[in-house]
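The first chain written gets the first letter, and so on, giving A, B, C and D; residue counts start at 1 in each chain.
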Amino acid sequence: MEEVIPSRQPVGAMKGPRFVPDCSIQLMPWRASPVRVLGRDVPNVEVVSDTGEAFRELPMKGANFPALRVRGRSVEDYMQVSVPKLGRGFGKRGGTVEVDSGEVFPKDCAKPRHEGDTDWRDPLRDFRFFLDHGSGCNAGQTFIPIARFRRAAGLAGVESGEMKVGIVGVGITPFRPTTPEFSWKELTYDGAQRAYADAGIDPREDVDTFITCAEDYYEGFGIFDEFTPDQLGAVMRPMHTVGGDGIAGLANAFMIIQSGIADIAVVESHSKASDILTYEGIVAHGLDPIWNKPLGGHPNLIAGLEMDAYLRASGNTAKDCAAVVAKNRQAALHNPIAGHAARVTPEQAEGSPALWAPLRTLDVAPLADGCVVLVVAGEKAARKARTTPVWIRGIGWATETPSLETRDWTTSPATRIAASMAYDMAKVRNPAEAFDIAEIDDRFSYKELQHLEALGLARKGQAGKMVRRGDLAAGGKFPTNVSGGSLGCGNVLEACGLHRLAEAVLQLRGDAGSHQVDGARNAIVQSWRGLPAASGGVAILGVGK
Amino acid sequence: MTFLERTTDVRRFRHWPGHIEADYIYTSGIAGETFFRELRENGRILGARCPQCGTQWLPPKLFCETCFRETTDWVEAPATGQVEAVSVVHVDAKGKPLDSPEVWALIRFAGFKGGFVHRLLVDPRKARAGLRVHPIVKPRSERVGAITDIVGFGP
Amino acid sequence: MTSRITKWPGVELGRKEIETGKVTSVRYRPDAKFAWSAGEAMSRFLAELQEGRMIARTCNGCARILFPPRMFCEECFRPTDAWVYVRDTGTIETYSISYLDTDARRITEPILVGVVSVDGASPKMGVMHYFGEMTKDEVRIGMRVKAKWKPREERVGSVLDIEYFRPLREGEG
Amino acid sequence: MRKVAVVGAGMTLFRRRLQETGKELSFEAARMALDQAGVEINDVEAVIHGTAPDAFDGVHMKGEYLADGSGGARKRYMRVFTGGGTGVFSAIAGWWHVASGLADVALVVNEEKMSSCQPHPQSVFAYIWDPILDRPLKPNLVWIFAMEMNRYMTVHKIPYEDIARVAVKNKRNAAGHPCAQLADANITLDDVVNSEMMAWPVRRLDISPPSDGAAAVVLASEDVVRKRKMKEHAAWIKGVGWCIDSTMWTDRDLYFPEYVARAAKMAYRQAKIDDPRKQIDFAEPYDPFDYKELHHLEGLGLADKGKAGLMTREGVTERDGDLPVCPSGGLMGVGNPIAATLGIKIGELYWQLTGQSGKRQIPNEVRTGVCQAWGDLMQFGSVMVMGT
């Protein structure tokens, strides 16, 4: 290439004295391999040389560290961290920290970083010390950011290895066909205050990042992201909107916490479907503008076509779908938040008008308003929460393809791909045996059967039989959608994914109430984004170690 | 109690009407341009072929979904396709009852990945998967270079 | 390497080419209509506007008088405490003199619009509105203004029940 | 926290109208980024798509519609949307996909096709306001910028000429950018000052044009960069930060973007920067309007409050100045396809830091750069610090 990259100074070569090889103890509450210092295992510490290679064994075994010298620019950039918390082996003189300006910090004191700086929230806990073994100064740049009192004390951080992330708070507002008494802001505030009370946290103090799952056209705004922070307590905090369903939002919370820049995250999604006057028009607006939209037609025709293709390919029948409708809407009678609970019989479902044959009106989950908020925490914070943490053992999300023509109309590949990701992470060998309960998307009745088979929870063509045999009922072998699902609780648009997660968390915590499945410890949750998308997510939840 | 005060007289709750509509002109894009010109001029249906994996896409795409390479070659689709799925629809786009039902179908073409989701111009009672159908195209004078140039698919 | 990349993708079109059909295209207008529930706070706010009054909510957590009113305080994340009326006079915090209408078409007679912080609410808290009875040279930041209400029978419960904010006259302070 | 690098970038032309569909634009940008990085689509484990209002392209659930064009078919695919802030924010989302260990290679694709909306994208901007408080007044988006600019100029007593200089600088810088829509090598201060008034104090040349376009970057983890010997064309992500302010924009003083300051503080802390003015070599703040560049320089801590205009007047922010700002030509010069500004913010930092900016390369050596995007109702800031 004729463009020669201008020569660069070697990385790390600083102005000032030659760089004495040293090593720094980088205390990272995220993934850090256990390290032996002075013959003793120090948890959650990774010893990193300045060029980034990690050491397992400190080179100066047995050497004595007269002082923990901290280099840096100015005093107020530091908060002194009580060295003894790092373990006896550090600093014979019991943990004084010297800053190169010679000023010695007493133990256990913390000063605000800048006089005017009232915002003590600091999502990062990257403590890095340069160990100076007394032979000449070392010019490494070191920096300890201000951490909040609570977290500064808890220096031990998290065990090494993959950090666990758990759901520690759930807020669900009752799903109702209309909620004229609430604006979307007030409805979301209602959901958020329930979740924060459940987790026992204050959003203005404890939460590091907020996530909303929403779509502009469902809300009626050009940029809905503008209207999300106030009602969650997210003003002046990191917050973003995902154009995806609840499990995609949960995945972002999972990744942000795993990346080490947050401890507690909040994921919110809601539906104000009763504000929408032209729901079919908006769903149709999601079709491809040049290949599909100009042809018109009610968007449910896509579900009608898929149901036709799926039933023929799988061998399940319309009767099986009617059984799903009856199962879920009757199960919802035991769930106080359900908006569309009803004593529906399979015959009624089968007798409803087939407006998009073979899809009948009762095969379609009716719309509802509602808000669901989850509080998600890294392991350390999760252990301190008010509730039993429900760990996210595995999570996956995937899109097949947006184009109607090139997608597979029979087996929901997006679910299969997302499931394989979640199964790999959770090390699930045989899905059919691995879970006590399932919460599966059922925005159309045939979808529950299709998703069960795509997840490997039922063999091809057997899902229908499982429903009719009662296996999927509350008392059955494999209780599925005992919450009532979307058919029974209501289709809450982008919040469907979070709704199923919330119902599964309540089950695993034993807080589900009258529809509690006793002894449920592992759950699989699956979501689909609804027409016209072919995307979905899978999450595997579990309690205990 | 969400708030310290809650209205109990439902007549006092207001709502605010509005919309987020605008007029749109969607260009057919690079691949679409070739397809719709050919459809308009000669009434033929073209698919795109990926040079790397040979997959033939219908409707044509500028890129191959699997190898994410540009599809450079054009291939004419076979004269007839086969119905894979059928749905008989009794309501219009706004959910109002239709005088006579519309039959919709997913039509596959041999050798092509994809196909068309379009109207199936047969009596609802005779509409079933497996039917061999061909595109019914408007006369040249009425064709404008859009998917609506194809009225539907018939036996 | 941006210098080494020769061809940058993208086929430019002129407005004519699209509108005259030189390239194939499809026209469409979505059907996306709404009736947003105003909810607790906004329902009361609109009802008061119809009566020619402006109302706010107080938050004792942060000692603010929140305008426009809201049932929860976003700073303290707690329910707000009480309704309180605020006056219909205020101060221009910022403004613009616009020669564009909503579809970005040029208009000759400029629209005077800006943000008015309302007396009785916490500092800087206000609404966007039109300004009237002042020329584009007279309007300035810090100017004291008062709402000009439409007659009672024309008021429907909307921010448009106030026609515009006009300069505060003597004795109205 | 695994170290993450940008290893490739690509973008399309930015023009008022492009023929490609949104899918095709996404494909063209993503294809270029993959080719530049030397990465195949099968290596990509996660695709992150960023695009702004659905109402521009005119497709509901636009993220889904653009999935196949962005290479997301049958993959982890997610759309993030933070208004105008998506230009930098989608790369931040890409960063945590890799830093968390869930993906080794991630592809970030941003797209915007504003020309589908007739007669002008402005009519869609009418829907970003509160339906009860603002929309009845039929607000035009330029109004809120004009109000903020007025507040900013009046509080700090900044002469309009200093602000207009930003437009001159950026439109000249854009002459070196092959994708530029409004580059003008010999634009003068008078051209800007005399351009017709849109909404006082905003004149026509104070505003960046609406554009169609797409951009993409490829992110890779430390081990992938080492194993596949990409160090030569890798620029490391040192710090990320984002922050949102309250919805009630009429309740705050618009003269200083506090939310940008918070986002910058978060990113600087991670990047170990405690004196931005000294440690940052060049910057790409978000400049949809010329005054916004100054407004955001102050938010980023690269200029004292009210002093950014002075720095511009003294030429500090020229490409060969002490602190080059918007060497790419910014939104003012290259164009404003909202989310696709990824290419001239993250993309420019990448090309500058790896010495690939050709005519736009900053003369003296650069090792640390910051880019920033702004969005929503004067409300959201996203900041990323990159370095060699």
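Annotations for the structure displayed:
Definition applied: a contact is a pair of C-beta atoms (placed from the backbone, for glycine too) under 8 Å apart; a residue touches a chain by one contact, two chains touch by 3 or more.
Just so it is clear, the structure is predicted and the values come from calculations on it, not from any experiment.
Using CA-based centroids throughout, the chain positioned farthest away from subunit B is C. Across B-C and B-D, the chain pair carrying more C-beta contacts is B-C. Note: centroid distance subunit B to subunit C, computed from Cα atoms, is 41 Å. Distance between chain centres (mean CA atoms), subunit A to subunit C: 36 Å. In subunit A, the positions touching at least two other chains are 3, 180-182, 186, 189, 193, 216-217, 220-222, 229-230, 235, 275, 278, 280-282, 284-285, 289-290, 294, 401, 403, 406. Within subunit D, residues 19-21, 55, 58, 60, 68, 73, 116, 119, 123-124, 126-127, 131-132, 246, 248, 356, 358 each touch two or more of the remaining chains. Looking at subunit C, one finds that residues 1, 3-4, 11, 13, 18, 23, 26, 28, 30-40, 42, 46, 71-72, 74 touch two or more other chains. If each chain is drawn as a node and touching chains are joined, the picture has every node linked to every other. Subunit A makes touch with subunit D in their complex at residues 3, 5-6, 8-9, 11, 28, 30-31, 52, 73, 77, 119, 122-124, 126, 141, 143, 145, 162, 215-217, 220-223, 225-230, 234-244, 248, 251-252, 254-261, 282-283, 285-286, 288-290, 396-403, 406, 413, 417, 421, 529, 532-533, 535.
Note for the complex: subunit A touches subunit C at residues 1-3, 179-187, 189, 192-193, 196, 202-204, 217, 220, 229-231, 233, 235, 272, 274-278, 280-282, 284-285, 289-290, 293-294. Note for the complex: subunit D touches subunit A at residues 1, 3, 21, 52-55, 58-68, 72-83, 89, 93, 95-97, 99-102, 116, 124-128, 130-131, 222, 232, 240-248, 258-259, 262-263, 266, 269-270, 272, 274-275, 354-356, 358, 365, 367, 375-377, 379-380, 388.
Taken in their complex, subunit C has these residues touching subunit D: 1-5, 8-15, 18, 23, 28, 30, 34, 36, 38, 42, 45-46, 66-68, 74, 93-104, 110, 113-115, 124-130, 136, 141, 158-160. Subunit A meets subunit B in the complex at residues 180-182, 186, 189-190, 193, 216-217, 220-222, 275, 278, 280-281, 284, 289-292, 294-302, 304-309, 312, 353-359, 401, 403-406, 409.
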